[in-house]
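I'd like to ask some things about the structure below.
As written, the chain order gives the labels A, B, C, D and E, with residue 1 at the start of each chain.
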Amino acid sequence: MTTLSIRADRALLSGNEAIARGAWEAGVHVAAAYPGTPSTETLQALARYDEVDSRWATNEKVAVDVALGASLGGARAFAAMKHVGLNVAADTFMTASYVGVGGGLVIMVADDPGMHSSQNEQDTRLYARLGLVPLLEPSDSAEAKDHTKLAFDVSEEFDTPVLLRSTTRISHNRGIVPLEERREVPVRGFRRDPAKYVMLPAYARGRHPVILERLERLAEYAGELAVEEGTDTRVGIVTAGVPYQYVKEVAPDLRILKLGMSYPIPIERIRRFAETVDRLVVVEELEPFLEEALLAAGLEADGKAFFPRTGELSPDLVRDGLAALGVADPRPPIPDAPTTVTRPPLMCPGCPHMVPYWSIKRLGATVTGDIGCYTLAALEPLATMDTCISMGASIGMASGMAASGGSDEPVVATIGDSTFLHGGVPALMEAVYNDADMTVVILDNGTTAMTGGQEHPGTGTTLAGEKARAVDIPALCTAVGVEDLHVVDPYDVSATLRAIEQAMAYRGTSVVITHRPCVEAPLRVKDRPFEVIPDNCTACQLCMNLGCPAIVWTDEVFEGRRKVTIDAAMCTGCTLCAQLCPPRAIVPVEVHP
Amino acid sequence: MTTNGRLDVRFAGAGGQGIVMAGEVLAAAALRMGRSAAHSKAYGPASRGGASRSDVVVSDGAVGFPLVRRPNIVVALTDEAYRKYGHDHADDAVVIVDVDVAAPRNGALVAPIVETARRIVGTDVASGVVGLGVLSRSLDVFDVDILRGTIAERVPAALEDANLEAFAAGREMVG
Amino acid sequence: MNEPRLIRGNEACALAAIAAGCRFYGGYPITPSSEIAEHMARELPEVGGVFVQMEDEISSLGAVIGAAFAGAKAMTATSGPGFSLMQEHIGYAVMAEAPCVIVDVMRGGPSTGRPTSPSQGDVMQARWGTHGDHPAIVFAPASVAEIFELTVKAFVVAERTRMPVIVLYDEVLGHTAETVALPEEVTVADRRKPEVEPEAFLPMLPANDGVPPLPAFGDGYRFHVTGLVHDERGFPSDDPAVAGALLRRLHAKVENHRSEIVDVATSHLDDADVVIFAYGIVARAAEEAVAMARRQGGRVGLVRPRTLWPFPDAEIAEAVRGARLVVVCEMNLGQMLLEVERVVAGSVPIAAVLRGDGEPIDPDEILAALDRDMEGALP
Amino acid sequence: MSARGVVLAGVGGQGVVLASAVLAEAALRSDFEVKQSEVHGMAQRGGAVVSHIRYGETVASPVVPLASADVLAAFEWAEALRWMPYLAPRGALVVDARRIVPPGACKDHRTWGVPYPAMDTATVAHRVADVLLIDASGIAASLGNPKTANSVVMGAVSRFLDIDDVAWEKAITRFVPPGTEELNIAAFHAGQEAGSVRPEAIPDLGLDPIQQRSYRIEVDHSWCKDCGICPTVCPEFCLAMDHAHRLVVVDEAACIGCRLCEALCPDFAIRISVGDPAVVSGGAP
Amino acid sequence: MTTTAQVREHLRGWAMPHVLCPGCAHGIVGRAFLSAVDDVGIDPDQMAVVAGIGCSSRLVGYLDFCTLHATHGRAPSFAAGIKLARPELTVAVFSGDGDGLAIGGNHLIHAARRNIDLTVVLFNNEIYGMTGGQAAPTTSVGAIASTAPRGSVESPFDACKLMIGAGATFVARAAASEPYTLARIFADALDHEGLSFVEVLSDCPTYFGRYNKLGSGPEMLAAITRSDNRIAIPLAGKRSIPTIDPPDLPPGVELGTLHREHRPVFTGRAGGAT
């Protein structure tokens, strides 16, 4: 048996790690982001490199502001976010296109086709067209790193911000990536140029033609970046990103034009490719972005007639399309999957969000929710969230809901600490300002839990792990004018129920801050677990209403109902089920000496 | 001594000299002699040392007022008790005092009662019995055998002989 | 009758209680009543009864009332300070109609006063001590023999009327041994039990005499007892009509049993110019005084209520008719005097021999008063 | 050789992602091209977790196409069934013979999905070459740490892959928590030796359907004081306070007859009685 | 736990609804008690319940046993009289914290010392409810009452420790929020020969809850459960992160059967103790 040595010049990296590596190798100086699946790990990976000033921003707009500022200061700058984050950042993004850059400015946006953990599956390529900004689209980890480095060069060469579009399948796919050294790029320094950087209407009017001219040059560049492969000319595939891999998987010999830069679209380059094949077909996820551009350019092309516009593609869906086009074997019949139990995601054992929602459900309210772990409260058994739209939307929506008079129950907005600081504060000011009769429950768990426990301005720690000033959320609420403010421990069922009830009863904008650290981050909470004394359990299953995954059935039945047990390995000892258990059947596991 | 069929007797002494028993013996003996009797005594702190009293009313018929008014007979065992309880007696009363009493009235019978009790029984507690002996000899009202029998009943068996001896010693003091 | 023997007042009280069927004693030691408790502690268990020394007089009467509802004839005994503490439960016993007997061996007061001295200072407290407008039944024996007699009677009356019945005498009587020939048997009474089935039972529905039948806890009748104003079901009521009717009935039932309760002794009244009013130990001095006065030729008589409460208005009025002077003698500064004044209502002059120093009133004192206050009463 | 495909499936928290990292690393150390794909985010929180690993001379798609996985390794029975469509005809199925019943399937009345499937290898045996139902959790526990069950499963998986033990061991050493390397390697080898267990040998969870009764909730409003306690204790939300803060029965059909409302009614005002029989709940099939 | 139908058998239905406030948990305690009486199999004709004065004490009027609503604090003495006079009865005492520990404290400890075979249930709601929310001997330091408008400054009694010290032979503390445990403990207490004392943590939403902003019945019941040491201790010690202050949790109490011994029972009769 031989011992294989792993080579130091390559590594198995996720797309996000590869992008971070690429940014580092490209000599990036400043990076800012707001966490959002599937983009989050990018900045966390970048933060491991000492040369880079990596930081969490309060939201995506701030992240782009920071990156643009750094860029105008002459440094290479990077911002990362998920697709919906770009909506938040769109204001700065759109005008950044006009001002151009100092140092290279790359904005990584991770789309989530299939909505594994997102509220929509918008296609970021449309933002590129809207902003007249070039967009690069890698198809695997190795390319992700290469495209990132390229993006910085393009940015500086064409004086434009560059979008780097990933998708879940790129970001969370691991592949082998060759590793290179960092290229140090000197910070050029800020060069005063009000006509370029101060977008007064008069100056901006001057910039628009510049941008359009830039776009033409970029389209040409995009054509040079495109790669042609394959010999089977029955169909020519135009594609980019991970769908390219699916096409290669299903029909490796087909003629393929793989775009590296999918905006601006290199129409002329495609027109030339089209001449080499019988039939032009676009394989792209989500919107018919390329397809429509080709049709508009007078090229005959197929796409969404064969490949779905919703959800993410897969080798199987691509096979289905190619088979329909007659260039691939149809997939073999696949027997139906055996029926199995549904397994929706759950809050963690000991999650401090459980009781606030349990309480709201008990009290009855119309709940505008927000983005975070607590969105799971929309599902059984808590089933206590009536809306969930976008980061920070809960508070403003509650204000509007209250104004509408359409809810015959109290209106409650629920929002996490990170989300509150991201987008909730202005809305809270609006609510207080307009005296909205509503309650805001701020679920403060001291972290950005949904994306895996990132720091934020309220946590007192930076991305680099250094101590920072923490936002005092109660003081902030007071400062914006909240008069009915309650801070409670959500592990105290009674106090939580009471605080929320009192806040709901208050006429005006009231705030309840439930205050307990997340059980997973930044420290994993694991205390003495609780157990069920079977003799005492009356199988009411009240404890199960918390939605704690550590509580499960046993085979023991009481009056026709199953008793429960607690998985000691999962139980964090949060005491919540024990507080709810009326027969006192749930007690701490005895510690035997 | 004028009695109208009623005799008021007072034992005065210190706690622990057996005056309550003496009174009870006298009352019980009176009952046996076909008369009525009432016995009362000082209670409370006075009964625990200091001056105390033990009163018996003996009547041929029913006892009217059950308390001793002006005693016809006084047996006083200490000077203090005599001064407190012993002086307010009928003019023709029989007064028997221990040698401890400093200034008994004229005609009082003075005897070493307490000392005799100590000598015979070993403690002061038989002083009352000695006093009863003196009384029974001074005044021919009580049947001596009944008194002896009553004493024998009331004292602990082990002290029966000593008490009877003390009673006899009391009687002997009267010439 | 048994052979006469020397019995102290407190012992007679205990003997009477046992003879009357008392099988429960709850008490707290206090001079000059303690011998009753001591006797009961010795003797009650011998006859199958229960003795418990409680932590205070409040709980003593509480236990007694509890025992009463459990079917026992029950009593307690105390003296001034303890009697004060018992007032709360005397009221409860009246309201809840708990048959029981309370003995107050009076001593000098107020407050701790003179614990080992006699007094008649509690006679008004026995009437009015507990709050609210309530009836009272109080007996005042004047001798050891009467302590026995009236204690037995107290049990009889308590059972017949479902009332707490108070026996009042003073330290002297409690501690004095007198020649008594106890009766061989005594007349006892048992409470009336319901005749209806438990389902039809209304706990506070009175019989014709105003007294509701009383089953014991555990007899199969499940009922509620309360110190609150209650209706015939025994259940609290806020209805003024119910409250008014209840209070009237509580009074009426005592009135209905008046002939069994009220007991007044008299002597030498036929030709009396002077009538002495006295009760308890003072009556004994008065008797002596009457005898002395009569020996001197004075026409002096005695009225001696053995029932203090309800006050024997008619009997006293009758006794003083034709007298030229009434002399009220009591060991307080004039409590029953007020009642006598009320009854005599100015028809006869009233003199008083009052003593509040803790010493018994002497016959000579009364005699002297007769001399002083009624020239010619004594020739 | 065309790319190998392995699908690892389990429940959030079981270590699926770690196991797939080990496999990818082992393949990398065997000088293969490797792609591995997983989904982060919500699915990790107690939900179903799946990871695809593809390796070979060249690998295009990071995702295993349907019916093409050489091995489907499931750390839990229901998850094995869920991902069966990915398994190639006559591929190998490795399953830890344990059941993690999601809370949603545990409520007797309020299931929010399909009930938990019976453990019966016959339902899948006809579509696979090898069914290896191993008691990985039991083996791991007997080795001293139940958390090494995923290493046991990977040991069993290794029997169907062309990656040598040295690569596996190095990969395990790299990814498992420090201090547990030896234990995990031992677990891995135990998995290589593990024999298949018969489903009948697995203790029954008692998931048979339960004959449910229906219940009547009677509120004696003349006794009830509308204190609001019972709605907070009713596990099935049958009771609620209306806007006038009066008690109302909102969902009698959901009543499971636990009688908590009775026991916690200070006013003796609630009566639960057994209603019409024969309402079968959504228990197991 | 018996059903409402069964429990109602032990109620004087004609007297209901009872006088207690909405959300007052005393009724839950009463129900658990009735359930225990049923479980233990006591003949209702042989059951006597005595109460003092106060909200909890009013409860006995609704129990279809022989019931005696006594004077303030004195219930143990009435109960002693009943039990001693008629030993075959099962006798229980319902008392409030003010009733039992303040005015009746002496009776309570002496009942324990004598070890009379009674079951004493002390309803602890930390306040005088019937009289309008005055401070009780159980009011926590800092808690607001109408006679402690700036917060109570007196240390409260630990009733169970007091009773253990006084010689009670069965001492338990339970919570009104836990009817099943309550019924079990009541059953044990009723079975126990000698004085059994059960302190029940109950609530007073009308006064204590209102003065101290503790919510109404549901919240106060939940708070009782949270104050159980089995929960309060793990909560207080739970790991936090530096930037989030550890929650300021009030101290908890010990629940459960705290003391049990066998000691001769006082009967007041010849032959004395059993």
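The definition used in the following text is that a contact is a pair of C-beta atoms (placed from the backbone, for glycine too) under 8 Å apart; a residue touches a chain by one contact, two chains touch by 3 or more.
Quick caveat, the model's predicted, so the values are computed rather than measured.
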Hypothetical removal of chain E, resulting connected chain groups: A, D | B, C
item	value
Contacts common to chain C and chain E (chain labels)	none
Shared interface partners, meaning chains that touch chain C and chain D	E
Most widely separated chain from chain B, with each centre as the mean of CA atoms	A
Pair joined by the larger number of C-beta contacts - A-E, D-E	A-E
Core chain by centroid distance, with centroids computed from Cα atoms only	E
Centre-to-centre distance between chain C and chain A (centres being mean Cα positions), rounded to whole Å	93
Approximate Å spacing (C-alpha centroids) for the pair chain B, chain E	62
Length of the line joining the C-alpha centres of chain B and chain C, rounded to whole Å	35
Chain A-chain B separation of Cα centroids, rounded to whole Å	114
Shared-contact residues (touching 2 or more other chains) in chain A	362, 497, 538, 582
Multi-chain contact residues (two or more partners), chain D	231-233, 263-264
Chain pairs that touch, as defined at the top of this document	A-D, A-E, B-C, C-E, D-E
Complex interface listing, chain C residues touching chain E	23-24, 26, 45-46, 48-52, 54-56, 58-72, 74, 88-89, 92, 96, 216-228, 233, 235-236
Of all residues in chain E, those that touch chain C in their complex	12, 14-15, 44-46, 48, 50, 60-61, 64-71, 74-86, 88-89, 106-107, 110, 114, 266-271
For the chain E and chain A complex, residues of the former touching the latter	1, 177-181, 213-216, 218-226, 230-231, 234-235, 237-245, 247, 249, 255
Chain D - residues contacting chain A, complex	11-13, 21, 24-25, 28-31, 33-48, 59-67, 78-79, 81-85, 89, 100-108, 110, 112-117, 123-124, 127, 146-147, 164-167, 203-207, 210-213, 231-233, 235, 237, 240-241, 243, 256-258, 260, 263-264, 285
Chain D - residues contacting chain E, complex	222-229, 231-233, 259, 262-273
